[in-house]
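Each of the next two complexes has chain A plus one more chain, namely chain B in the first and chain C in the second.
The block that comes next holds the complex of A and B.
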């Protein structure tokens, strides 16, 4: 496999996972940007463990996933059913604090970044296996009672509560799950790139994943699956002069989709229509 | 003790800017019902417009200041129809979408500034605007307050007082607050909702322009990333105070300014910024609905 194709596929997997990590808490109307901090924490932990302790990749992946879940769970105790804007600002604050700690910690490479994370065989295979497993569980969740409860919370939190839905517990569950995905994705990213830079874990990745979520469609899991390869791949095909403006392109696409088609490209109706066509065949 | 007093004065100066920004943010939230997360990014864009005009006119302060204020008003008015479009009917507003739309606007502005103005490098404002060439306004021992700091502080105090006077003592201010309290009732008594909403965009534009000039004087420089930092702090101040709580925003804005100045005074280095963030994080985690209560 050529190197550009390898990186396209690998980073596409990273973006699919990160967009799903945003998608899950957004099922209850929470824009949970803390997953970017989870990605950074577990990614740097993974890099450090591989370089200094020679831990095997799969062990690091498992610990990174658990680390992401634990951090997200602790925070979710406070913001499991907080208003969306409070969840957003907690996410941003966490990212700033994480970035400041990394930039001031020499063992993590400070502002220069962390280099020398060992190359691992089959990391691409592991990444797509993780995408498959995560996608399977999200699909099961979306088609379960809990998934319908999450949809009810999104539409009307008070009404959902009156029907007996525990908004706090469901919010905590989804935030913790998203944190676990963010943590594991951080480890995968570290082993794909073999280096980490604190500047990656900022508004940049938030902007990209948020555009993928809203452009693809936030009402089904299929939206991010479609939007991630398209939005990540598109700038790679454009001339360098145009591709360097990709954040502006993403911003314009985000605004246009919100104005023209607020639920994104793949809505529940579109997904149902595709499913019925596929089943008929 | 001298450091403490000097940092308190610096903190009030910084806090007055936060108050201007938070009040503009809250005004849009209460009257136009949008979470304009990128309002401070618009302010930073106005700083850049002001810097460009200063450069073109041989540092003409008057034109630079006017350009900053007019550009902020124009940007706010131009983006208003987009926010209005994605809002559902009044009283049942999709606030989340307005926040995401605002973030999209912020992404475009920040990336545009990173690419196009001064090759993405930070910009520095001329000394005749910042007052650095005029020396200290007064100096007692270690306490040294520059003329720029004093101008920025005076502007902040005058405009904050003026704004609160408009909000609480004038007919237009009563209309703003009436819509915030009860949109349906305000419509019933004949307050024009759309016109008042547009006035709130224009008024926050003025506040944004004044804030841009004030920040330029106080900091003396700007960078594309400044808007993101300010946006984050403004939303945090608003949440800690209680979203839409104007008086709460006034108190918390000043307190955050003082906290930041004290931390920078006693704890140098890049860690100092994170202290304020940790305090903000704890405050939000403990009281996610704000200390003074949400006024929505």
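The block that comes next holds the complex of A and C.
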């Protein structure tokens, strides 16, 4: 495999996972940006553990996942059933706090960044296995009673509560799950990049993954799977003169999609149609 | 039914691994010295730059400098008679884009200029190091390039060696200045530069007060200025981005600050936004950097005139010559080491360029001549200026010794 393709696929996996990490809490109308902070915390933890403790990659990945879940769970106790806007504000604040702590922590490289995270074999394989496992569980969730309960909360929280759905517990569950994905993705990202910089984990990740979520479609897990490689890969394939307009292209696409197809490119109807075609064959 | 959907999903993901056994290293070229009959038709120098995004204005003049050098070289007959071309590659300051673009270059490029700036350097240079590709990270501080030595080079010597003398020189120009406060933005090497300022101030017998942190997303500067003034400083050093420095100075003046000579701006803020935002309010403010606009050489005068013509009369900024010089350094390395550009000798020729540039002697830069010792530039001067009507007037040239 060529080196550019390797990095393209590796970063595509990161974007798919981070977009799913946003997708899950959004099933109950939570824009849960804390996942970016989870990504940073576990990424830096992973880098530190690899450089200073020589921990093996898979152990770091497992601990990074748990770390992400624990942090997200603790926060979710407070915001498990908070309104969307409150969750957004908490997310931004948490990212800012995390970034400030990293920038002032000498052991993590502070503002200079963290260098020399070792190369490990099969990061790409592990990343896509993780995509596969995560996708499997999200698929199961989406087609379960819990998934339907989440859809009910998305449409009308009060109505869902009156049906007996525990909105707080479901919100906490999805936020914790998303935090675990964010944490594991941070570790993968650290081992793909081999260096970390505080500015890696800022609003540009939110901007890109939000675009992927809303362009791809936020009502099914398939939207991010389609949007991540297309949106991330397109500017790399376009001529330099056109690629420079990437952010404008993203913006225009987002506006057009929101106007024409508010649910994104892959809606549940589209997914159902594709499913029926696949099954017919 | 669900199982079939899942099966399709799993097959799609797993199909990636039919091809994905990890990134394989390119086959190593022979390191034996052999005569090549290969004839290169154009020297292409890729430049990983930021042509869009938050620092596009800086990327533009870095690119301008590199292309100016290529144009001059081609006018004079090229490199060993072969034309040179600088190819700007836009990373838009995205580390992810930087990795893929660097990965594209890893296989065939003889050398790479950039990346710019630090987030992209951290993401992309490890790929270049693994591929044995030498990176001219000419605008970053020494401390970043040193992490990738010998595969990356900075135009600057260690921060704690180069900056203290110029700050000491500024402090000595103001003998009545006893207490100084610094505004510091937490970005990349800037806190390290602020520490180096402190060393220079302490050497001049000046007390350094508690620094005031400037948030990266700051939009109002009143509270920061009040925090600084509450310590009763009689001098202020700025280590933040150009626009924020200008706004801090305006805010200081609106709160009664009068003596601009006791304000010192660091080199990284010597950018267009400082002058366009600050305007005449900057008159008398001191600034240090690496470019003397009034240098009296024909080469510099032509560069300066061309830059001003292409930039609405703006003077060349502090980092303007860096990639201009980088192209010339590559030219000299190719000519002096007999590089052929033969793809079969790529690995060997990359190492030749690396070793030559890391220890280049008496290199004729745009502003001055210098030598490198193990990748560290020796005795490069800094210039202390006073800003007058948007122009920099030289106050003192300072040469920190690092031999």
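General remarks:
The criterion applied here is as follows: the second predicted complex is superposed on the first by the 277 of 281 C-alpha atoms of A that agree within 3 Å, B and C clash if a C-alpha of one lies under 4 Å from a C-alpha of the other, contacts with A are read in each partner's own complex, and residues count from 1 in each chain.
We adopt the following convention: a residue touches a chain if its C-beta (ideal position, glycine included) is under 8 Å from a C-beta of that chain, and two chains touch if they have at least 3 such contacts.
Given the structure is predicted, the values throughout are model-derived calculations rather than measurements.
Once chain A of one complex is fitted onto chain A of the other, the partner contacts of A:232 are limited to chain C, with no touch recorded for chain B. Using the contact criterion defined above for the overlaid structures, shared-chain residue A:11 touches chain C, although it does not reach chain B.
Shared-chain residue A:31: touches chain B; no touch with chain C.
In the superposed pair of complexes, A:122 makes contact with chain C only, with no contact to chain B.
Contacts of A:103 after superposition: both chain B and chain C are touched. Touch criterion not met for A:151: it reaches neither chain B nor chain C. Contact with both chain B and chain C is seen for A:244 once the two complexes are overlaid on the shared chain. Contact comparison for chain A: of chain B and chain C, C touches the greater number of residues. Within chain A, the residues touched by chain B in the first complex and by chain C in the second are 100, 103-104, 244-245, 247.
Against chain C, the residues of chain A that register as touching in their complex are 1-9, 11, 14, 100, 103-104, 110-113, 115-116, 119, 121-125, 128, 131-132, 135-136, 139, 143, 192-197, 199-200, 204, 232, 235-236, 240, 243-247, 275, 278-279.
Residue ranges on chain A touching chain B, taken from their complex, read 29, 31, 75, 78-79, 82-86, 88-90, 92-94, 96-97, 100-101, 103-104, 203, 207, 210-211, 214, 244-245, 247-248, 250-252, 254-255, 258-259, 262. Of all residues in chain C, those touching chain A in their complex are 1-2, 4-6, 8-10, 13-14, 16-17, 19-24, 26, 51-53, 88-90, 92, 94-97, 99-101, 103-104, 106-107, 118-119, 122-123, 125-127, 130-131, 143-144, 147, 186-192.
Remark: chain B residues 35, 37, 82, 85-86, 94-97, 99-101, 103-108, 110-112, 115, 228, 232, 235-236, 239, 243, 269-271, 273-274, 277-278, 280-281, 284-286, 288-289, 294 touch chain A in the complex.
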